[in-house]
Amino acid sequence: MTADLSLIFAGVKFKTPVVVASGTFGFGREYGEYFDLNDLGGICVKGLTVKERPGNPPPRIAETPMGILNSVGLQNPGVDAFISGELPNLRRFDTNIIANISGNTVEEYCEMAEKLSSAKVDLIEVNISCPNVKAGGLAFGTSCQSAALVTREVKKHAAVPVMVKLSPNVTDIAEIARAVEEAGADALSLINTLLGMRLNIETFRPVLRNNTGGLSGPAVFPVALRMVWQVANAVSIPILGMGGISTGADAVEMLIAGADMVSVGTALFADPYAPLSVTRGIKAFMERKNIKSVTDLTGRILPY
Amino acid sequence: MPETYLPTVLDNRRLTETVHALRLQSAELARAARPGQFVHIKCGEGNLLRRPVSICRAEDGVLTVVLEVRGEGTRWLSQRRAGDMLDVLGPLGRGFDLSHKNIIVVGGGIGVPPMLFAARAAGAKAAVLGFRSRENAILAEEFRDVCEAVYITTDDGSLGEHGTVAGPLERLLREGGCSAVLACGPRPMLQAAAALAETYKVPCQVSLEERMGCGVGACLVCACKTVVDGKEKMRRVCKDGPVFPAEEVVW
Amino acid sequence: MTADLSLIFAGVKFKTPVVVASGTFGFGREYGEYFDLNDLGGICVKGLTVKERPGNPPPRIAETPMGILNSVGLQNPGVDAFISGELPNLRRFDTNIIANISGNTVEEYCEMAEKLSSAKVDLIEVNISCPNVKAGGLAFGTSCQSAALVTREVKKHAAVPVMVKLSPNVTDIAEIARAVEEAGADALSLINTLLGMRLNIETFRPVLRNNTGGLSGPAVFPVALRMVWQVANAVSIPILGMGGISTGADAVEMLIAGADMVSVGTALFADPYAPLSVTRGIKAFMERKNIKSVTDLTGRILPY
Amino acid sequence: MPETYLPTVLDNRRLTETVHALRLQSAELARAARPGQFVHIKCGEGNLLRRPVSICRAEDGVLTVVLEVRGEGTRWLSQRRAGDMLDVLGPLGRGFDLSHKNIIVVGGGIGVPPMLFAARAAGAKAAVLGFRSRENAILAEEFRDVCEAVYITTDDGSLGEHGTVAGPLERLLREGGCSAVLACGPRPMLQAAAALAETYKVPCQVSLEERMGCGVGACLVCACKTVVDGKEKMRRVCKDGPVFPAEEVVW
């Protein structure tokens, strides 16, 4: 038996359920030197803003037990430069392009959604959960009202499916997921990073110049898995699950918990080929268990 | 092409109390390596991130790195023994532009090792090496083998000249006849070297350090502020550097 | 110079700023076989309830990258059995006894606070953050109103200082900390565990019989540190910081971030002597840095 | 007294495809160990929790454990070589009560090793050992050295009797003359042994397994449901067990 990894997610056909996480893969040029981008289900590009942003001052990364903190702060060339300078290159590959957007205002989200729709990205991922910027970002993602508002407005301006990326820094992620679903989102992605901190005890200074940063990597996996399960129980739109996935077994856990697809992010830094080995791991698992389609894995959890 | 390799440690030689030279067997890495580039090394299961380490020498299928124990990752590396296998991503980054005659290489502390690779490849005119103290001095003999002249300075005067690399460097620049300064070391040293080079109108290249994630240019955590064509621009130490023209760096 | 590790915390004198975390140290009998309990600053005993509780069915533990999930579910003999059967033994040691209490209702919290005050424990730790029980626990800890209510009522019935233990599973922990401070709490402790999950991909079952559990250990350290810093900036009552501390350096980071004392929990499972090495580590750091009193470390952070 | 020790691995012998016997040098552990007790072993930096492993033998300053590779931790252990140091907490738990004459020991799969320690210490009358298949059989010779009679069963009949331990155990109990059954193995096997022992009115002790945290009785994660004096009570496999009188276990 050959396992079928393809699926339709929010109306878009994906060759595999494995995509790479926004902010960890740039615009694909760098890791494209290491493997064939055609082997990816999709690429979530670095978070875009209306105008170019230089990001936060360095240091922007700290290591933690089985995790990392980052405080890049949405360094990017702006949505127009992306469309003219990067999208044409990405379009050369047979993989889905997911544009990740962060606005300071609802209007900015809408402006980007319109431009990116015209530029024909495959999906728009609305980032309402970046912990590393002052305006926008996380502020939109921590209340049902503002999350629903952004979703509703972006939907009016987007001509491609809209996925909303949720923050784990909330009391009840299922409640926000429901609000976003009701507001018309076509899909959800979770989790963004958990807000964290490290100090240098020699200097009494935070390791990150931004004081705090976003935690990702294997350390957050159990939290991400729990949230995906809670959200899958709360909504009926598809879910892109992420947070600490570095092996095929991790990805299978995430799918079983209720994710329709998975993202690989931080794992790339230890192993540039991680998305490929995760894909192979899912496939091998399915073949061993005689599971024909990856859609049969999603939500297969048997809770007590 | 940068790639992940699994070279075997040939030997681990202790150069000072805290500095070790590891020779790694890898024809591919040795062939591809350019002076100023680095490798990104996985340091055991406990550390998620790789550690960037400059290439000190690359010859006959052997890549040499020299590392100072600073924390957990470098401690783990310093404990590797002959026969152990490492997980190495590289060679990475943009190295030195060696298309100059009469190059002066300047190294400070653990910034000295990559300058040996550059000096050897360029047949450098002179090397200026700064250390804290006599006990911290490394690779002086190796530089003497490949440079016309080697100047050593120590902060405490226990070896060579008392003071910083700025002394010998300024004298060499004043003498004239040199067409490029290449430097790696602590930021204040790089800044001083760049200032002197500017004074004497000699082009200068500096190798920067920043904390890294991916090491390949994708995650943007290793940003440094530069100026290009009068415009400020964040660039990536891992991919656009680690070597930058000194005049582009915003100190 | 000999560093002075002693301090006054919520009016109570502690020999050292290192205590052991509730639920990881039972009532002291077991680890008391390994080292002298007199060497501890204090002991937070296993969470108590009004009546005896059998806890949740096993498995109750799962391993995660640099962390563990537990779902013990407050197994304990009940507050009366604690007072008669365990407290007299604990009282033989020259260390502070901190009673950790969880109620199904506000009245239950108050009843226990009264009994434990009469029994002369040194401090009461009000647990409004246990993620492993249905009633009570976390429900009280996720809203400012209910957290303040419990605090206010317990204060009326307690004759010893009251410390409130906060949950990290909230959007804004500083807001809850402020509410609890205003309600009269004498101190705060944080963090309790982050809600998480693991699955067994062979059986499609959660590893924990309770489906989800509480994440602790080094994995959560950066989140705990960030929360301690945020809370220290928000309140002026003292803070017992915990979450993933396993070395003296971790403890120093936590103190610098704003904790007055630290708890060691999960680290015990890897090394029964962890509280002692953490204590020695703090002392060695202070002596190397020429810091006389541990109170000079607290909140010494130099944020950017 | 249980303690943390750092014994050296004397040797690592492979018994089957997935089962290894490790001999650890530690006078203290060997002296303190009692049959049915276990040790809690740290398995590398990557794994936070220790792994519980039963003691198979303790003599002349050497402690032997036999382990099956089931996951990351046991894989790491199975790769230790002579000279490596382990971090071991123990001996832990309440072992078997051997104050009986004519004991029958019953072991299934990876539950067999601790029964060797018990059989040796008690001079057991008989051992009944169950395995999946011939390839999984371990320690049979060692049991023959210390027991009057050894019965082996395999699920597929490839060695000894076809079937489970219940067959030989029932025959032995029917014959009579035995005063205690001691068992370790998968839960269904323990349950069957306990049921047979009850039928024949012979006291039975079973060694249970549960996922552990501290291993010393403090964290309550290893709870198992028991009945004492007609009242249900959660007890700790690590401290109150792993061996319990079968009649106290709520299956």
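By letter and in written order, the chains are A, B, C and D; residue numbering begins at 1 in each of them.
Please note the rule applied: contacts are C-beta pairs under 8 Å (C-beta built on N, C-alpha and C of every residue); 3 or more make two chains touch, one makes a residue touch a chain.
Listed by chain with UniProt protein names: A, C = Dihydroorotate dehydrogenase; B, D = Dihydroorotate dehydrogenase B (NAD(+)), electron transfer subunit.
As the structure is a prediction and not an experimental result, all values here were calculated from the model.
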Set of chains adjacent to subunit A (Dihydroorotate dehydrogenase) and to subunit D: B, C
Mutual neighbours - chains that touch subunit C (Dihydroorotate dehydrogenase) and subunit D alike: none
Centre distance in Å when subunit A (Dihydroorotate dehydrogenase) and subunit B are each reduced to the mean of their C-alpha atoms: 36
Cα-centroid distance, subunit A (Dihydroorotate dehydrogenase) relative to subunit C (Dihydroorotate dehydrogenase), in whole angstrom: 34
CA centroid of subunit B to CA centroid of subunit C (Dihydroorotate dehydrogenase), Å: 47
Chain centre separation (subunit B, subunit D; CA means) in Å: 56
Of all residues in subunit D, the ones touching two or more other chains: none
Junction residues of subunit C (Dihydroorotate dehydrogenase), two or more chains touched: 62, 66-67, 217-218
Pairwise touch network: line, ring, star, complete, or other: ring
Chains that touch, pairwise: A-B, A-C, B-D, C-D
For the subunit C (Dihydroorotate dehydrogenase) and subunit A (Dihydroorotate dehydrogenase) complex, residues of the former touching the latter: 62, 64-67, 69, 142, 169-172, 194-199, 201, 203-206, 209-212, 215, 217-223, 225-226, 229, 244, 249, 252-253, 256-257, 285, 300-304
Partner subunit C (Dihydroorotate dehydrogenase), residues of subunit D touching it in the complex: 1-4, 42, 47-50, 89, 210-225, 232, 234, 239
Footprint of subunit D on subunit B - complex, ascending: 44-46
Parts of subunit A (Dihydroorotate dehydrogenase) lying in touch with subunit B, wherever the complex brings them together: 23-26, 29-31, 33-34, 46, 54-55, 57-63, 66-68, 70, 72, 75, 217-218, 266, 268-273
